[in-house]
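Structures follow.
Shared between the two complexes below is subunit A, which pairs with subunit B and subunit C, respectively.
Now for the complex of A and B:
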C-alpha cells in the first residue's frame, strides 16, 4: 500500500476526478463570472464586451455600498456572537447535567432549512398577530414595532434569526474542540490551585485557538455572502434597508436582467471575501502554536 | 520538475475530458433532434410545456390544464405533452436561465410588453400571427393580443384578462353604516371611520411592491388622467406632471391616515390577502384573478365569500380621470419557442389550449379569459358577471406599470413605490427617479 501511495502517478490518478469536478463547477464558473463582469449582457444573446465599465459603475453605486455595509454589519455581529457560543460551549463541556440534551437542542435550527426558518420568523415578527408583538402588547406597549417594515429595525430583526440559525453549528464545533483538550491538563491545573476562570482563560482558550480562528473566518465570510433568509423574509426591502451584497447581485441579474453587472458584483464579492479572509488570518496569526502535551 | 510536468498533463487531460464530454452531449442532442424530426411524420412527438399553475396555489387552473392536456393527447395519440410546473417567481427565474442556454421549452407562459421584450429581441419566441388569422381569428377580446405585439408581429397568445377593482367586506361596511364611496372624499371618510373604529381599512402587502403600484396607478389615473399616466410610463411625458406628483402625495396622505394594515411594507401579498379573508381589513385592491377565491374556492368559508363585494376606484374631485377607466390588462400568454424542434405541433397545441381555456376557465376556475365568452349561456356567480360587465364597458384599461416598463425601469418603479409608501422617498424625488430610469431606456 505504501508503495502504491508513494507513486506520484497513482496519486495524480486518484486526484483527477475530484480535480475535474471542482474545475467544472467552481473554478471555471468563477473565471467565466469574471469575464461576464466585463460585458453588458441581458442574459439572452451574446454578451458585449465593455471593459471595466461595470466595475467603475459599481464603485460609484451607493445601493451596492449600502448593501456592503449591511453585510459588514452582519459579519461583525456574527463574529461577536462567537464569544457567546464559546462561553456556552465551555459550560456544556464542563460535565454539567443534561449537556448532551442542550447540545442537541441548540443544533436544531441548523437542521431546519432556511426557508422554514424564514417562514417561522415571519410569523413571529408579524405586525399584528405575531407572537412578539402580542407579548409586547400584553405588557402594555402601545405602538408595537413593525419589525420587517421599519427601515431602522429590519436589518437587526433579520440578524437575530440568522445568528440563531448558526448558533448550534458553532457551539458544536467549540464543544468538540474543548472536549479534545486532554483532561490531564485541567486536573494538573486544578492541583496547582487554578480556579475555573483561570482554567478557561489560560488553558482551554489557547488550546482551542486554532479552531476559533477557523470559525471567525467561517462566520465573517459566511456573513459577507449571506443570502437565504434575507431573500425570503424581506427580499432586501423595504427599499433596500435589508439588502446585502448577494441579494443585490441576485436582483441586478435576475430582476433587472443585467447579468453583466450582476456578474461584476459577484466577482467583487469574491474579492472582498478573499481579502477579508487574508486580513483575519494576518490579524490572528501567532508565531507558534501552543502545545501543552 | 515532476510537479510541473504532471500539472500540465493533468490540465490538458481534464480539458480533453471536458471537451469530449461536450462533444458527446452534442452528439446526443443531434440524435434527439433527428428522432424528433422523424416523429413529425406520424410517430411519437413530445411537446415540452412549462407553466406556473401548481396544484397547491392555483388549484382551479391546474385542473383545467391537466384536463386540456389529457383531452389533447386523446385526440392526438401521437403527441405527448410533458409538463413542468413552477411557482410564479421561480418560473420567471428558470425561464431566464433556460433562455441563456437556449433551452426554452417548446411551449411556455410569458407576460406581455416589457417582460417579453428581451426574449423577442433575442429571437427566442416565434411569431404566432398565423394562429391569429386561423381558427382563433376574432375570438380575442379587443386589446388583449396587442400587448403581445412587437415590431408588427404577435409573439404570444393571451389567456387571461384582468382588471383590478377594490374588493370590500360587506359585513364590515354594514357594521359601521358605510356606503360604497363614489368620490375620493367619500373614500377618505370611509377610511377614517374604519381606522377610528380600530379596523384596518385596507389590506396591502407591499413587500411585493406591484401591489402598492396599483394604488399609485389608480390615483394617478383619477387625478392626472389615463392619457398622462400612459404617456409618462412610455417616457413621452414626465412624472413631474402636477397631477402625477399629487397622486404620489395622496399615497402618502393615505399612509399618514393609517389607511393600510400595520407593517404593510413588510407583508407579502399573500399575507395581506389573509388579513382581508380573516376580516381584519375591510378593503383589498386586487386583480380579477382573485375571483375564484371570492366565489368558488371551497377552502375559504362560505360566509366570507358571500360578503365580498367590489367597487370601482372612486373619482377625485377636479381630477381628469373617469370612473370606468381601469388598471389591468392581459395576464399571462402562451409562447412557442423559436428553436423548438416541434414548432408545428407546439403551435397546434397552443391553438387548442387557448380555445379550450376560454371555454373551461370560466366555469372551472372562475377566471376571466382573454377570449370572448357568452356569459348568458352558463350559470355564473353574480360577482363574476358584474365584473365581467364592467370590463366590457371600460373606457380604458392601463396595463400594469411594472409589466409595461422595461426590466430596469420596472425595478426602479417598484423600489420607488416601496419607498414612497414607506416615506423614504418624497413625491418629488419619486417623480425624478422615474423619469431618470425611463429615460435610461433599460
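Now for the complex of A and C:
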C-alpha cells in the first residue's frame, strides 16, 4: 500500500502541471516585478539596471501618494461597511422567514462583472438622464451634482457600487458564521434574562470574531488593489481624484510605457498588501481562541 | 425552534403590550431586510427597463415607467451590429476550458498532497496557499512581457494559462477538506484489487468528488466569466476578446444610445443570472467556500 502510494513518478506526474504553472504565472512574475522595478525599461528593448532610482522617484511622486491615499480611503470605507453587513446578517440570522431568499437576492450583484457594474452605475450617475439625478430632481433638488466629474464627490460615488457589489458576499459569510453558533448558547442566555442586543453583542459577536477578522483582511486588501470598476468608471479622473495604486500602475506601464516605474509601483502594491495583512492580523490577534463546542 | 415558539407563546401570555412590541420589532427587521433587497435589485430592474426603451422614452418618461412598448430590437440590433456574438462565444469557451483544466489539475495535485506520501508535500501546499495573497496586478507587467516573448500575446492561451494558475489555489483549498475526509479504505481496497494509482484516481476517487467539483467549477466559471484586466492587457484583436472587454469597447461606440447600451449589458449578465436562477444553492455554497479569494 505505502509503496504504491509513494510512487515518485506518479507523484511528479500529478504535482508538476500545477506546480510549474503556478511558478511560471505567479512566482516568477513576482520576482521579475521586483527586478524590473530596479530598471528603466519601455517594455520593448532590454531593461537597463538603475538601482533604486524608481523607488526614490516613487517616494517623491505626489500622484502616487494620492493614489495610495485614495486606496487607503476605500479600504477604510470597506472596513467600516462591514459593520452594516454584520448588522444585516445578524437580523437575517435571527429566525427570519425567507432568510435564504433574502441572502440570495443580496448576492446577485456579486455575480456580475465589475465592467457591467461600472457601466450600469455610469448610467445611474449620468448627470442628466441617470436615475439618481432624475429622482433628486423629482424631489425638487436644483443643480444636481455631477457625481463622477466632481473631484470632491467622485470617491464616494465610486464607493457606493463597491458597497452594492460586495454586500451580499459579506452578508453571506457572516450569516454562515452566525448560523454556526449553537442555538443552545442563545437559549441559555435567554433563560438568564439577556435581551436580543446583549445576545448579539456579548455572545454572537465574540463567537463570530474569527470570521470577522478574515473579512477585515479581505475588505482592506481587496480595496488596496482595487482596479476594474475604477478603470471603467473614471479611469482615475477627474484629474487623478479617483486614481488608486493599481490604476496608476496600469497607466504608467501600459499608457506611458514606463514598465520600470510601473513595476516599482506593482512591487510596492504587493508589499503594502502583505504588510496590511500582517498588521491587521497583529492588531486583531487574541490570546486565546474561543471554543464553544 | 420548539423553544422559540414556546418563548413567544410565553410572551403572549405575559402581556399583550410586550407582544405588540415584539411584533413591531419584527416588522421593523423585515422593513430593513426588504430595503436592502430593493437597493440590491433596483439598479438591475432599471437596467432591464431602459434596455427595452428607445432614447425618446428614456429621456422623456419617468425613469421607472414600464417599457409598455418593449423595444426588443435593441437586443437584435446590438447582437447583429457588433461582435457581441463573437465575444459571447469567446467568453463561453475560454471560461469552460480554463475551468475544466483548473478542476482536473487541482484535483490531481490535491490527491497527491493529501493521499500520497512524499516529503515536500506540505511545502508544495504552502506554495499554493501563499499564492492567494499575491495581487494579480503585481504580476501583470512581467506576464505581459513573458507572453510577448513566447508570442502568446493576443492568443487566448495566455488567458487560459493565467486563469488556471490564479484560480488553482482557491480550487485546491476547497478540494482539500473533501480529500482529507475520504476514508482510507477506498485506497486500501483498490490497492488490494491490484488497481494502479491512475486507475484508482480517475475511476474511483475523482468521480467520488463530483459534488465538491461542481462547487469549485461554479466559482471558477464566475471568476473567469467576469475577468477583465488580463483580457484587457493581453488581447488586442477584436475577434478574440471576451464579453467583459468587448462590452466595454462596444459601449464606447454607443455612448448616446441608451437602449443599445442596456441591451448589451443585459446580454453580458444574463447567462450568470440564469445560472443563478437554477443553481443558486450551489453558487451560494461555492461563494462561501471560496470566500478567501480577494
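By our rule, the second predicted complex is superposed on the first by the 274 of 293 C-alpha atoms of A that agree within 3 Å, B and C clash if a C-alpha of one lies under 4 Å from a C-alpha of the other, contacts with A are read in each partner's own complex, and residues count from 1 in each chain.
Operating definition for what follows: a contact is a pair of C-beta atoms (placed from the backbone, for glycine too) under 8 Å apart; a residue touches a chain by one contact, two chains touch by 3 or more.
Predicted model only: the values in this text are computed from it and were never measured.
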{"item": "Superposed partners subunit B and subunit C on subunit A - clash or fit", "value": "clash"}
{"item": "Subunit A residues touched by each partner, larger count belonging to subunit B or subunit C", "value": "C"}
{"item": "Touched partner set for A:80, first subunit B, second subunit C, both or neither", "value": "neither"}
{"item": "First, second, both or neither for A:154, with subunit B first and subunit C second", "value": "first"}
{"item": "Touched partner set for A:235, first subunit B, second subunit C, both or neither", "value": "first"}
{"item": "Touching partner for A:141 - first (subunit B), second (subunit C), both, neither", "value": "neither"}
{"item": "First, second, both or neither for A:8, with subunit B first and subunit C second", "value": "both"}
{"item": "Contacts of A:24 with subunit B and subunit C, given as first, second, both or neither", "value": "both"}
{"item": "Touched partner set for A:249, first subunit B, second subunit C, both or neither", "value": "second"}
{"item": "First (subunit B), second (subunit C), both or neither touched by A:127", "value": "first"}
{"item": "Partner chain(s) touched by A:188 [first = subunit B, second = subunit C, both, neither]", "value": "neither"}
{"item": "Set of subunit A residues, in rising order, touched by both subunit B and subunit C", "value": "8, 15, 19, 24, 43, 254, 259"}
{"item": "Subunit C - residues contacting subunit A, complex", "value": "3-4, 7, 29-30, 32-33, 36-37, 39-41, 43-44, 46-47, 50, 58-59, 62-64, 105-106, 108-109, 111-113, 115-118, 124, 127-128, 131, 133-146, 161-162, 164-166, 168-169, 172, 187-188, 191, 197-198, 201, 222, 225-229, 233, 243-245, 247-248, 251, 258, 261-262, 265, 268-269, 272-273, 276, 280, 283-284, 287-288, 291-292, 294"}
{"item": "In the complex, subunit A residues that touch subunit C", "value": "1-2, 4-8, 10-11, 13-15, 17-19, 21-22, 24-30, 32-33, 36, 43, 88, 91-92, 94-96, 102-116, 119-121, 123-124, 129, 131, 134-135, 138, 164, 167-169, 172-173, 176, 187, 190, 214, 218, 221-222, 224-225, 227-228, 231-232, 246, 249-250, 253-254, 259, 262-263, 266-267, 269-270, 273-274, 277"}
{"item": "Subunit A partner contacts - residues on subunit B that touch it in the complex", "value": "2, 6, 10, 13-14, 17-18, 92-93, 96, 99-100, 118-119, 121-122, 124, 200, 206-207, 209, 261-267, 271, 275, 280, 407-408, 411, 415, 418-419, 422, 424-425, 442"}
{"item": "Subunit B contact footprint on subunit A (complex, rising order)", "value": "8-9, 12, 15-16, 19-20, 23-24, 42-45, 122, 125-128, 146-151, 154, 234-235, 237-241, 251, 254-259"}
